[in-house]
């Protein structure tokens, strides 16, 4: 008799735990308007990306096409996996003094791990992290970027 | 639904099936395929029973019940046979009748 | 057990051990010959009872190859670093401690894989991460011009 | 700073349409369009993940980002039924033959997305690593590269949309014979 | 009884009479078979696609997400896109596979599903076969379906497939027993195996109410065993994704895989339809004893609608199971059947027999 | 006319597939051919209006015995195995014997004139079958029914005992 | 070809009614590219041989050519679910070696971040565990709530997964102004979700039947095999380094070390569930008391460690993580060894999975919470 009682009790307890689980899922099923889904391509206008989000390294230029990069190469040294390559050129200014300047700040987006070490190390704040993340391409070569715009110059007053 | 089909047709089918089963039983070396041949034989007998029942003595259901019982026996036979086959396989690693020649294991 | 007591106890077991209190833990360097017996003693000695092998590291010390064992006692909560050297770089052999701490079987396999140190009495010494014909990448003289792009 | 939120931005990596239906059969072109529509909207990924990107791949499938909106949620564990490998993580020399085999086991048409820096170029393991393949495209052909380490889920979704775009431009039946 | 505008008997009869007046009986039969066959094909294809879509939407709702949204309005065309893709996908036959059996297996599975559908009455007059052994026919035919799965698992020459097939074989063979016994319980109450008779018997009250306690137990046993027989979660051991990648259909691709996929949903429909027919009154509207007004309002809703409403409700229950519970282990599956469902079922038959014998039902 | 087409289809399937069953060298294929034979036989029963028997045939033979056979094949043989056939001489002799036997039987069947069909017909519906199965008067089958049930029970127990494994070792290292 | 050879070798050893299956490298339940060679008899596991190396990336070799601050970028990618704790170990190791005392604020932030990361990791473990057991909905519930933590991470650290937040000398950024508010909001929300997890899975009779009494790991075995983390604590091995060797701010908080002496699959599950509550309580104790101060001490441009050997242990979500740095005084480490918890845990599988069913093996792997790149490095 005891065995039968236990048998039935076992079954009922099992069913009760199953029903508890079903209640949880049912709660969400019957409140479909509470879904947490963000509809990405549709919500591009309202998509919230944190200010500190590291999406790519960019070099801000001002309206005169000037940037702050001196071509010192500290970011290249600090980059753990060589995503940044600095090609410098030598400029001769009016006084005949030779001065090193950035020729191409090459940035391999496809290799970058967004560790923030280059930005942290940059003495002039020439490079910052941008929040754009839509980088997918069909061709890997497009991921190698030159950060300084063609014809850009260094901003006045930026010291090494 | 039998329409104009004569009884003999059913009997011919069952005969062919029966002797195919016999042929299989004689030529097969694998226990499972031999079992399948036996199923063919039993099945052909069933067709006979049912056909005789339907064509000659439709006033009762003797053939029908015989078939039912044969099916039940076939099921029992298959169950036991397969149990034995599995056991043989476990001991001999083979279900080939030629290789199962010693009764001791 | 304090560091001093630990050093004393270890010197008691193995007189040739070079034991000193390092910046963090007590470190002892044991000669290769008595290594396995030493490990067995410090595991089974109830006063020491180093039953938990935290980590096994192989280090390429240019002229020698070194194995570093980090040990902890779960009862006494003290730590010990045991080091053993082998001068033979071509066929380095260190006694395996896999019979004392089963976990070392795999740490030793890793050391074998990456540094080429073989372990005597190891139950299953095979390459772990790399293929059989690969070199021993963690050795300082490892060269691989095909796979490595140097910076 | 802040995200540049322009509608045309989504087209930034777009490519011009290469060939039109000129000279080909209209019916075949329509059939192509239909098939491509089906294929591009039903990309079932293989459950394949190697490194951190796999976690973001899971996040893409989960409630917040919900890959199912595109019809991609039927992740198949067997390569026979999958249309798409998302290489989420690094591939090393021991894994490369396996990946190749997985790719060969898939039924045509099959697509590959290289997700994250490791799969695009070897990423953090490009220099001084003896065992990582420098980019999954050394092993199998990659259709879309999604940089990021790991890319955020939206970035992967964007990559999948790029792949859809690529599929819609395929010509299976109405290919114009090129005179040479 | 008043003339029922929702009755399909007159409709089918008029077609038959119209054809018979023009053509020979053989031609009539051929044409009618073709029509019926095409109708079933169309129904299965469309309803199967709809079910796949519904399942995806339902599970999305359980999981606080949206499900297919971007292909067509609310993603309605999603499954059509999937279908087109699967249709155009390469068919792979693995090396060393037994090609004949490998290609045959999906067809066995799907043909069996079709055979079972043919005896289900969707609405008054909308049924193909109406045997005197209807229910028995359903269990008989559906017991053949497992052969397809076994063949698929074996002929793929893949160990995962083989394990999946063995699991599924053991599972289906055992749960068939429970399905059969729970149906027998209801046959005792109905007094007939003919499906039309069973539906007719529920004109005033559905069997699940009429047979109260034993009928409710039988209903739940049937739903559980039916879920197990369709290889759906939490009984999806045969394709247990986390253990066996995809179980018995691991090696199938393209349209052959689609057959298995579709058959799963057709079987889902079959179980739900059988539950509806036997327990929930088929296409009969909900009637309660003497509430004439209520009954008449219910009568206004067409039988077809009632049928599908109930079928979808049962299917929702089964989807709910799938998206809530973890998967059982193989020994638990057999335990559940032999230690719980079977004794309960046998006891339940006795209970039902007593209820019927002493007239304790409503 | 219709029934003839159906009959010839079914009987053709029966003959072809039974020959394939005994000649196929792949065992699982043979089992599947046997399945086709059995299903076609069920079709014949349906034709003869023995619906119940046909359903029993499907359940027990197709759903039960064939599944059992396939199971045992799955357990005992590998996909690349080919069944061994008898030697040429034995095969030839068997074929001869079979053909001779079949010819003899066929001739007998065709020569023999069967008696006429009796007029009254007992409908083979479930009600009649059920009544006959449990009644013990003239057309009752209570005794065979019980005997078969006992046989089935005995077979079940026997099968379990025969197939049971002797050593149940290696069942969980610690419990 | 090598693969075949291995199988052939083992084929000689297996009994005749056993067969081998290969789980992985691509298999849904191995959570990555682990390959398990499983010897089965029917459904019963007779032997499990883990084969690793399919994601081996030579991190220890690479580390020898990186500077100390750059190490964090590699440790993030080892155990990506415990990225915070891994970088913390490196940072602590370097700080210890240099005898740098970091501000209190940094310690608090590190501790909160580590606990958040532990929560996120356990959530992911929970949902994957459910998925391995066949309850697919847990996957979505777990990841749904995990996104909230990732939002907090993104706001403060600028990334979702590989954060590179702890650097030698402090943390990369100061906490975001909204940090405390968001964390408190998350804790409030998560406190309602956690009982839901319990109702959905822990109490479920199918789940308990599948896990209770399955695959015991005794305390002695746990110690011998070097199993750590929640897995070992379920067997009674008190190995919580946060308690026994506190670092950062763990000596300032009250929390229980979850211990049990049962050691079956269900206990391993329960310990992790209880640890989530403990993590919540730790965060609650710290979140309002973050002291003011700097978020990092000023380090030299080039960090050079003194000559010597340094070992630092931290408790990650999976167990004991150790960093062993051998320095020769240069700016690059001479040798770096990472003692990853998963590595030791993984190899105990064969020991405890023997004799259980293949479905149990999947559950066991789930409760071991393996992250393969952590094992392979």
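Going in written order, the chains are labelled A, B, C, D, E, F and G, and every chain counts its residues from 1.
In the analysis below, a contact is a pair of C-beta atoms (placed from the backbone, for glycine too) under 8 Å apart; a residue touches a chain by one contact, two chains touch by 3 or more.
Since this is a predicted model, take the numbers as computed values, not measurements.
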If each step moves to a chain the current one touches, what is the fewest number of steps from subunit A to subunit E? 1
In terms of touching chains, how many steps apart are subunit E and subunit F, taking the shortest path? 1
Give me the two chains with the most inter-chain contact pairs. B-F
What's the distance between the Cα centroids of subunit C and subunit G, rounded to whole Å? 25
So, in whole Å, the Cα centroid of subunit C is separated from that of subunit F by 70
Between subunit A and subunit B, tell me the centre distance in angstrom, where each centre is the average of that chain's C-alpha atoms. 73
In whole angstrom, the CA-centroid distance of subunit B from subunit F equals 5
Which subunit C residues sit where two or more other chains touch them? 129-131, 137, 142, 151
Touching two or more other chains - residues of subunit A: 18, 21, 24-25, 35-37, 39, 49, 51, 53, 80-82, 113-114
Which subunit D residues touch at least two other chains? 62-64, 66, 69, 77, 94, 124-131, 149, 152
Under the touch definition given earlier, write down the residues of subunit C that touch subunit D in their complex. 129-131, 137, 142, 144, 147-151
Per the contact definition, I'd like the list of subunit G residues that touch subunit E in the complex. 19, 21, 27-29, 43, 130-137, 140-141, 144, 200-201, 204, 206-207, 209-210, 357-360, 362
Given the complex with subunit A, which residues does subunit G contribute to the contact? 66, 69-70, 72-74, 76-77, 137, 144, 147, 151, 154-159, 162, 164, 172-173, 176, 196, 199-201, 203-206, 208
For the complex, give me every residue of subunit E touching subunit F. 25-26, 29, 96-98, 100-101, 104, 131-133, 136-137, 139-141, 143-144, 146-147, 150-151, 153-155, 157, 162, 165-166, 169, 173, 176, 192-193
Touching residues (chain side subunit D, partner subunit A) in the complex: 1-5, 7, 9-10, 12-13, 15, 63-66, 69, 114, 117, 120-127, 135, 137, 142-149, 151-155, 157-159, 161-162, 166
